[in-house]
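In the two assemblies presented below, subunit A is common to both, partnered first by subunit B and then by subunit C.
Moving on to the complex of A and B:
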């Protein structure tokens, strides 16, 4: 009799527990879906400054002008180096597909006067020696992870949801990420990345954002690799959206023009 | 008398109890706190400018020593199984918490920068799927045509592949050593042989063998010393007590080390043997005097005997102990911490042995009693005649003695020129030991297991994007690689050359530094975009004004490193013209600086102990002449010792550097005993002839038995697994012998001829013929 009661109690307990789980997962997913669904412009151009700081405190500052267009199926991006002087005119183009297809990448080196294809490597590769991987820079579909709302808390005076995302597929470079999402704007304020061993690897912080022509645009982010003691700040200036950038901007010929 | 008896008995028991409690305390300290220090960096003074700079450069460029795992397959490594082992080992190492992903380098993790008409690719050499058939051939061709891996990750004969896992020194523990050895060896089978080498492994092996060696040597030295003691003391009880006292002093010395948190360094593993060999001499003195008293007073009580013995013994024993301690204290002048600590704690152990001889041994007599032994009268007569004959012969042939000494000294001075210092940690091992064989194998197949880092610094930003500077770096590498013992080198220039070739359709004629700095800058940017930028961190800083050029050397000894440095230094003026400074870093270079410190410390401690011993002699005898004469045997001993080292190619190392101070400290005892007794006799007889014969008879034989014990003790070190320890044992034994012979020959003659201690106005000396005594 006693055992039966006990079993019943346990069953009730576990069903309640799973409901709780489902509920929080839905909420977590909903939050992340909202972030993902934020409207993005068809094209964008900006002046990008990338500042890398190593553990000795030495800095590498690069200025580029960047053009991006996205038609929903593929994202085309072209970047022209403005400084440092010895790489001025170097350009980099990336075509990223919504399908399984690997990215196509080209680089134009003015000193060599030739455009070369370069291997795209994997999504886990770091972008241009920065602390961002190609993956970090792109948007990850919420369906790829399990989400769990951990708590709600105030970060930098702003109310946030704290969501833990764990990849569904194994072998991902992060064991999990924890994201602080602004409650009222559905935009990520901070994200912690944990490595495959579950140790904190990197911290991403959004430093500045603005509403540009109706699009919430992040103007400055900082990614800190706490294990390597290395940091990258990417900031955008002169942002223009939906200017109708011509398709010819994203060609090998355009790359050789230097801007 | 009863009163004193009671008091002494109580004092004896208190002494015993205190000693036992103290010993228990120190044994517990040893058990709980003692640990072996194997991180070789810990052996070096942290504040020395060269080390400070090197540590800084190691931080800039992530320079760490690596564990090398080599897989050998005599049929060639390009087969499915061997390659999948390379992959498995690489992945498992990366998963270990001690390594970062970027710390592991192998054919599996390496970037293959390849070119085509179309562009440039940075690819892995092989992926996760097993390699079969034609893929093996194409991999082989890819490796062969890539200088960045061929000869580095795969041997040029294609039978060995290398996996390098670099790690912070302090991440290495004894447990991890065992873990990595077991892990690597688990991949060994009939087909593939596995070798594990590299500096962390050398350190680990040292950490394992050191304490083992110590554990093995202590019983041997105990056995040998017991036998010698039994022969000299002819009593089991006295032998046992003497051994107990030296054991207690050894335990206290190690216990104190553990209690104050000083780790056991490889040199400290020699402490027990030394303390035992030196300490038993004090026990011998005690029992000799005790027995002597019983011989002349057969019916005396134990208390009388003990009181008398302590009374007559404490002065000469204090002198002997303190001069020996001075020898060890002089090691404190060394900047090398293990040597400093060795000196300090051995001195403490000797102090304990000295205290125990005056406190513990008397207490045992009072508590347990003394075994009366048969008195042999004829003993002394024989010694007497023998010593008499020797003395007369020597005095009659002074010129021959002087001449032969002169010849020996000249030869020694020639030999001293040849003394060289070896800071090699590898050469602490037997050439036939596994670690030495493995290291030799990896050295033969690859660039080398030791590294030397050349750090180039300029004040100008982007200095190392300038072609003229990189061309110079390339020339530096090429010329240094000409040396036999320099395997290969690696720098930013290698990346640039490889990319220049690849970006020009793999045309070999482009394997060079391009002519424009823009081209170099753009190649570097290209590499950052397509390769792993962490790789560049190891060769150049962010401002492109600090460069790390790594040379692989096939040895960590001073000769090899100095040869490389000589070539590199010859480029200094050229670099200087371009505003670039040449500096050095890395474990190989630190080892070299370390060896200079050893030499410096050696010279300092010799001068220090000589001066102190000389002063002590002058003060003790209140006689300048006595100080000078007394110093002669040890000066001669030191000269001969270094001469022999030079002539027989024995290098100075952290181990053998201890030699001269030890030799001076123990050797001077003989001179002190001799002079002390001679002074007493000469004052008594007013005849230097009588006095010298008396001294030779009594003190000569006492010195002989002391030398015998110490030599026997140190010869035990011949059983050590470490060749330098064996050398040290041999050299100390030799030094004891030269001190002994020197004191009884040249010093004896000088004492006689200089008429030291002889009162002025004593003229009737010649008439006082030497009389034979038969008591």
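Moving on to the complex of A and C:
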């Protein structure tokens, strides 16, 4: 009788322990939602340098300045191209929405002296010949993917969750991504992108980040296309957050003036 | 002499350094453009070396830009000019720009409907780059901004006409005269008077839903009307002498343009109503061979990206109202344009096909080209300008098919 009672107690204890363990373990969706929900400043400005390196080791450098404003419902971004010389004076503006609405995009080409609305339907296009697509540079909502926590592991001496994300909708350019998320800061340290055939296509690594005015800000990232042996490093300098960028920064006047 | 050269060099370097410290920026390009006629590979259609320099400075309140250019030709005189030279004043909601400037309006591409302030340089027909096909015009421009709305007023005190090809140029358009005329240029230059100035107004807005422009102006039409005086031989009653007097006439224009995003598409449209434009006619009721008519010019276009290929098509129509028999132009002239453009090798290689197609005369100008960025800022471009048809705006140049190469270094 005593043995029976003891067995029952042990069973109840281990059951409760297991339930507690499941409760403390976050799901893939929760982890990715935390990454998405990291506080972002209302506005940010920075000088951006993009270094493209091909398989021969040749480097091409693009420089631009960018201003971003986000009121919670809509993100406005404007970029002014500084180099190389043949694109100097070009500006690009993007308004993106928290709804299903497509982004609005305009480009100003100094040779044409005219601001032109352009189609935003090509998010799979590569940005300025880099390894980043327009989609890679934007925020992808966690609800667009199914997430699965694969494991926990140490990467570069830091404890990470490893989460696999698979698009819910068909036709996305990536079959899946696998993200290493820092456990203590909820930011992505590394992400592998797999092509439509399920082969590793690109690897994104965060090289440098800083806390700027209370916001975790990525200052340097590298995207390597392992299939084409091509890499792009994006680094930010002179980052300023919450400086109160005027709404007039995101207008035709600003695009035309180039600042 | 050596001393002078030395001091001039020192002065230039010093001035350049002082200006550089003061954030005066220099950029521009050097370009070689060589073209040959396909009908006769022994004949160059153009051999041109270009220096284009932009000197500019902007502070919070003021700015200036000077854009001198030099065209050196193998078979023509050196051409030095100022494409732009203006001063800027910036206020909180207002900008003022005074001087020679290019002002571009409208949503159409490669077609000039409401884009009527900066005259065109048609000495090489429609072949130059868009930056070069529009000439600067001396003007006072004021822009007032209120949110996404802009009102722009332009006053042009000096009339500048379209630059037409010189006599003997392969780009001289077909002449409609039965005999070789005598030219009378007495009215082709407008006096510098307040009465001869031009005025334009534009309202524009840029929003998430659509972009809009409404424009109007009173100005001299940039292409001349050819007024004819015929002298008949009384004995034979044959035309003995013909005098042609080019003149520019004032017109009024009102119009607008818009572009709307529609999913993956961008729909564009532009239209203008011209009151009092002069046309050439053979009608006996017009003794000097010109007649005044109102005129509509409009366009609808679509932009789309498919598989990384940027595609664009435009349908353009010109419509002479209250048309009369004898007018040299068609009552309705329809044109289409097509563009397909794609980049390869991470924006190092661009392949493009642009075409104008004249629907009335089944003529066309087809412009395939390939550009390769040999290094950052250094482009090698090769292409062709192919004319089809035997009459019409493009067919008249059927003998001018050309292959060309451009080497351009931007700095």
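A few points about this structure:
Note that the second predicted complex is superposed on the first by the 233 of 259 C-alpha atoms of A that agree within 3 Å, B and C clash if a C-alpha of one lies under 4 Å from a C-alpha of the other, contacts with A are read in each partner's own complex, and residues count from 1 in each chain.
Everything that follows uses one rule, which is that a residue touches a chain if its C-beta (ideal position, glycine included) is under 8 Å from a C-beta of that chain, and two chains touch if they have at least 3 such contacts.
Source: prediction; values computed, not measured.
After superposition onto subunit A, the modelled positions of subunit B and subunit C overlap sterically. Touch criterion met: A:90 reaches subunit B, while subunit C stays clear of it. When the shared chain is aligned, no partner comes close enough to touch A:155: not subunit B, not subunit C.
After overlaying the two complexes on the shared chain, residue contacts for A:248 are found with subunit C alone; subunit B is out of touch.
By the document's definition of touching, neither partner reaches A:212: not subunit B, not subunit C. By the touch criterion defined above, A:102 reaches subunit C but does not reach subunit B. In the superposed model, A:113 makes contact with subunit C only, not with subunit B. Applying the stated contact rule after C-alpha superposition, one finds that A:178 touches neither subunit B nor subunit C.
By the touch criterion defined above, A:56 reaches subunit B but does not reach subunit C.
Contact with subunit B, but none with subunit C, is seen for A:197 once the two complexes are overlaid on the shared chain.
The clash between subunit B and subunit C in the overlaid arrangement falls on one stretch of those listed (419-427, 491-499, 563-571 or 689-697), that is 491-499. Applying the stated touch rule to the two superposed structures, the overlap between the subunit B and subunit C interfaces on subunit A comprises residues 52, 54, 60, 84, 86, 106, 111-112, 114, 116-119, 121, 125-126, 128-129.
Taken in their complex, subunit C has these residues touching subunit A: 27, 29, 58, 95, 102-104, 106-107, 129-131, 143, 145, 147-148, 150, 204, 206, 208, 211, 259, 261, 263-266, 303-305, 308, 343, 346-348, 373, 376-377, 379, 408, 410-411. Every residue of subunit A that touches subunit C in the complex is listed here, in rising order: 52, 54, 60-61, 83-86, 88, 95, 101-102, 104, 106, 111-122, 125-126, 128-130, 230, 247-248, 251-253, 257, 259.
Remark: subunit B residues 59-60, 97, 100, 118-123, 462, 465, 503, 514, 516-523, 525-526, 528-530, 532-534, 536-537, 541-543 touch subunit A in the complex.
On the subunit A side of its complex with subunit B, the touching residues are 52, 54-56, 58-60, 81, 84, 86-87, 90, 92, 106-107, 109-112, 114, 116-119, 121, 125-129, 197, 227-228.
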